[in-house]
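Chain naming follows the written order as A, B, C and D, and within any one chain the residues start at number 1.
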Amino acid sequence: MDLVMQYLVTGLTVGSIYALMAIGFVTIYNITGILNFAQGEFAMIGALSCVSFVNLGLPMFAAIPAAIILTAIIGFAVERTVIFPVRNRSVITLIVITIGVSTFIKGLGLIIWGTSPRTLQPVMKMGPIQLLGAVINPQSLFIFLTVLLLLAVLYVFFDKTFIGSALRASEKNPRAASLMGINTSSMSALAFTLAAALGAIAGIMIAPLTDATYEMGFLIGLKGFVAMVIGGVNNISGAVVGGLLLGVIEAFSGGFISTFYSDAIAFGVLLLMLFFKPTGLFSKATGERV
Amino acid sequence: MAKLDNVLYGHLWRPFASLMVIVLLLPLFVKSSYILTVLILIGIYSLISIGLSLLLGYAGQISLGHAAFFGIGAYVSGVLTAKYAGSPWIAMVIGIVFTWLVSYVIGMAILRLKGHFLALATMAINIIFFILILGLDEFTGGASGLVGIPSLSLFQLNLGNPLYFYFFVWFIVFVIILFSMNIIRSNIGRLLRSIHDSEIATETLGVNVAKYKVIIFSLSAVYASLAGSLYAHFISFIAPPSFYITFSILLLVMVMVGGVHSIWGAVLGTAIIMFLNEWIRYIGQTYFHISGQVEIVVYGLIIILVMMFMPKGLVDILERLWKKIKSVQIKGAEKRKMTTEKGA
Amino acid sequence: MANLLEVKQLTKKFGGITAVDRIDFSLEEGEVVAVIGPNGAGKTTLFNMISCFIPPTSGEVIYKGERLTGRKIFELAHLGISRTFQNLQIFNNMTVLENVMMGVHVKLKTNVFSAGFRLPTVKKNEEIAYQLALDVLEMVELKDFMYKKAGNLSYGLQKQLEFARAIVYHPQLILLDEPMAGLNDAETNRMAGYIKELKKKGCSFLFVEHKMATVMELADRIIVMDFGKKIAEGTPHEIARNEKVISAYLGEEAF
Amino acid sequence: MKKAVKGRMLLALLIVFLFGIAGCGSQSTTQTDNKGKDQGKVVKIGVIVAETGPASTLGHAQANTVKLIQKELDQQGPINGTKIQLIMHDYETNDTKAVIAMDKLISEGVVAVVGATQTSTTMAILPKAVQANIPLMATAPVSTDKENVYMLAHSSSTIISQVVDYLVKHNIKKVAWLNARDAFGVIGLPAFKELAKQHDIEIVAHEEFDATASDMTVQLTNIRKKNPEAVIVWSRTPGAGIVARNFKSLGFTIPMFQSTAAANKGFIEQVQGNSDNIMVVGSKLSVVDQLPESDQKKRILAFRDAYVKEFGEEPDLFAAHAYDGIQLIIEAVKAGKTTAKDIQNFLKNELKEYPAISGTLDLTNPLKGAKADGLTLLRIENNQWKYNQ
């Protein structure tokens, strides 16, 4: 029995990392219709800049906000210089540009922070917790809480505040939104800044578990992508559930089938999702009018 | 009616011949075997980017997973020749047939998807393939790679010698260019471009759009498999890392930077990105004494700049440049003609 | 004249609402039938069901004795049925000539491999397509726009181009979804002229249209729909007098 | 495609192509010219390492070592009239780039090549060295029969023998094996299986993980089911560190052995303050101060101090392999040998044996790799390597 519990706990831990990433993806996709390949790199910048701030002597509670703000600024700069001018180009051009951005930021990360992995001390220094025979790392509890907190904050932000609904409006129908006096260009800038900040939070949460290197962005970015597709492309709670589901699938397939093919199984699930329900588990099907 | 052909699609033979001239003359300029290796790799990678240009530029279907088909070709050739001492040519054909079947089945499944989701699905295929070659290590040698793939030999010509292999690879590139250009310069080419513009309209004109998308997808996969076999015999050693998504992304960048709308763009893009790679590393080493690090940053920057300011790729810029030079010459000629008339 | 097209009890339900409610009508060869009705009457849904774009909830469509419903969209062209779209679906990045040559696809026999190896059939097909396209372009007066990008044409010319592409391979039945929408008077008359010309050559038409003047001028028979039901059918003359039609739709129009 | 003038495009392509070739062509031709002129003056040694990419955790220290030696050589000036030039290429953990770099080095006329950081890459460049019949100083374990290859790294079985001695001494019979799914991770198990059979040790569980995975608790839970008495991990960092951390957080108390790839600073940082039953097979280089006095200690000390003075961080076993590889060629040049052929038979017939930092090298049969006298089992105490008697 404790075996199943351990797989569940591991699945939820890894799943909440993917959920954190997926939230960043959905925020940008929800508002600008772009799947941002550079989202993983925002997490990398967040994690590594936080490590540098800590090394500069800043205490944890100052280093984390500083890293988040720094990444948000980079997200804003990326949007202004690269994304906004080409926003109505073809999907393929946008994909290649975001790949260019991710390669560029990865290169910067390499030059600034070098190649050796850096560790970030976990926020809470506690021993592992025993629960029903499964061992939980306090940091993953912390990640879990962060995901729930973010879920609540973003729900309130998007549904209850004016800016939030303005953001959603400008994605659904930019022309109508601008007629209503919403400045759609600043909306997309806001979306990127917000997503960069979310990416940074994800990076900072993940670093104590997996260490931060200039290359960490790629794989967790990809898994965040998969989580978003499974959960649902246009809503945040769907993406979080998608992330957790992906983590649990990986853990159980690793445990009971073989740890060797758990990644292949996770991507196999993605392919099945794309065939049968491309818009994800939790979103309404949208027909295409002829 | 050859005139109709040129009228519709522009000249085929003139660009074809001039590229042929370049390829034949190059070895005279090039002395070091290193540059020859880069040129051979450009030839091999051009095969894949030509296939991607058909799939992406003409039919409008994106793929971030072609490194997998490149890998299938390489591993089928590698395993059959290194482990079971099969003949390289039969292995190459088996690789192509196997890739055609695999890509046809995959194509039928994923080509219903569009844009980002298609990109994601092809990436998933690439990752699953990567994990499989790692996993089936008793065949593929897994993570430590596959050693001892013999070099090719055609009749009695030993293609292990880089110079002969260079001409052999580029001969195949020309055959594939001709085959692809013929496809484009026929109603199939029009059909692909119509799918790119509006799938519904193409369907109502009696075209089984799903079938043609899969055929072009499989054709580009076959090109990649052929390239994979050549690559395996050239490098004589293959390991999983060279068939990962990072290579699929590199291929996409080559096609987009060169100019996605034309086969020549694909070849040009491949050449430029490969030289860029070596150049940046050379400059990075000799002038800044950082090796490898500077390459990624400049790389990303160039992709962004080209995509933002030259959406049609470098081939379009060169073409417009040449038109200006041509028009200047024509004006000059007219002026000269007029002065002579005045003079006479 | 045999019945070219028979629509039997065609129905479409979206969740609770019945967009199209048991419609029956038939169309003979060489006949021009118009479908009219106020907005939201279910005309386009009926049209899309006939052209197999959306599957009907019940009922069927018979074309030359064969069942049409359930077929794939691309099979219709091979049976000689072509259609145009309410919101214009032309190939913007291709030239006018190439757009129309695409319409000839059904008649051509090239496939990827014959094209790749440049077999003689490819050249022959290109010439056939080119010739057919030229004739149609002449008829539709688009010849001097031949090498222009379709995307750069004016809306009226683009509508003519879509029409030309639909008729280039000489189909028997042409389905037009609001052909005159957005056209000025000169362009409407020109389009009506083309339809009359083709009618003489034996083509039959089924079209949805709002412009009453054109409907009255072109249609042999008119079918009137309101809230998904067929409320009347008959010659333009009869329809103009029919009480139900007037109250439902034509009441306020003096013509 | 409208009536685009394709002909012009191709002639434009011509210009770009030639421009590219001339650029690169000139760069390499200039080099080959001066090769010819003062062949006697300059001896070039090629070095191929992974300074970036996943394998940089090992290759980075190797790259530093090459820069250190080049600095020392420049200070010393020419050795009996011959200047030694080290040409280093970073192949970014991509085997194709390594092969291209190898061609570049051969075309620049190097007399020997020292490299590559990973086994798979070394195998990739090996045929090129054989073709150009220049000696390849392999800094990673490779299985080959070619006589121009000199194995500087320890073979997998030499490394594992350190762990097996400990297992036999402490009568541990049931062992679990865990390795990363990359070129380094996979080479350990076959060697261990042989040794385990000889000492009738039972391998009760075998699990693998993706080299870039971020959590290995599933694998460790599977292993716990088989309740082994010890766990051996074969992986580079950061994977090695993550497994060690998961191992401790799951409350394992049995000993864990890590490979030489974990014998570096990064690993200590990862397992900070929580590493009591973790042991790593490492080089004596890491604990040179705690070694009893010997001339081996003096040699290791000299290299370690020079490296720390230059880079402010400790060198590791992989740095030692690169150092030994280059020093061997320098020894040959000191003896007046400047061509690939002379160097090879100098090493084989005249030098015969060389007290390298990685361990004594028997050059008469160079494929056996360094002896175990350079290795030791390291423990970690208050974030420092502890010499284990």
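In the analysis below, a contact is a pair of C-beta atoms (placed from the backbone, for glycine too) under 8 Å apart; a residue touches a chain by one contact, two chains touch by 3 or more.
If you're wondering where the values come from, they're calculated on a predicted model, not measured in any experiment.
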item	value
Per-chain Cα centre nearest the global Cα centre, belonging to chain	B
Remotest chain, subunit D as reference, centres from CA atoms	C
Chain pair with more C-beta contacts, B-D versus A-B	B-D
Whole-Å separation of chain centres (CA-atom averages), subunit A against subunit B	33
Inter-chain centre distance, subunit A versus subunit C - centres from mean C-alpha coordinates, in Å	48
Gap in Å, rounded to a whole number, between the CA centres of subunit D and subunit B	35
Inter-chain centre distance, subunit C versus subunit D - centres from mean C-alpha coordinates, in Å	72
Shared interface positions of subunit C, touching two or more other chains	85
Per-residue multi-chain contacts in subunit A, two or more chains	110, 260, 263, 290
Subunit B: positions in contact with at least two other chains	8, 200, 293, 295
Residues of subunit D touching subunit A in the complex	51-54, 56-57, 60, 181, 207-210, 212, 214-215, 217-219, 221-222, 225, 237-238, 241-242, 249-251, 265-266, 269-270, 272
Contact set on subunit A toward subunit B in their complex	35, 82, 85-86, 89, 91-93, 95-97, 99-108, 110-111, 222, 225-226, 229, 260-261, 263-264, 267-268, 270-271, 274-275, 278, 290
In the complex, subunit D residues that touch subunit B	1, 3-18, 20-25, 27-29, 32, 51-53, 63, 88-90, 92-96, 99-100, 103-104, 106-108, 119-120, 123-124, 127, 181-183, 185-187
Residue ranges of subunit A touching subunit D (in the complex, touch as defined)	3, 6-7, 9-10, 13-14, 17, 110, 114-119, 128, 135, 137, 206, 209-211, 213, 215, 219-220, 251, 254-255, 259-260, 262-263
Interface residues, subunit B side, partner subunit D - complex	7-12, 14-16, 18-19, 21-22, 26, 29-38, 41, 134, 137, 142-145, 147, 184, 235-237, 239, 241-242, 261-262, 264, 267-268, 271-272, 275, 278-279, 281-282, 285, 291-293, 295, 314-315, 318-319, 321-323, 326
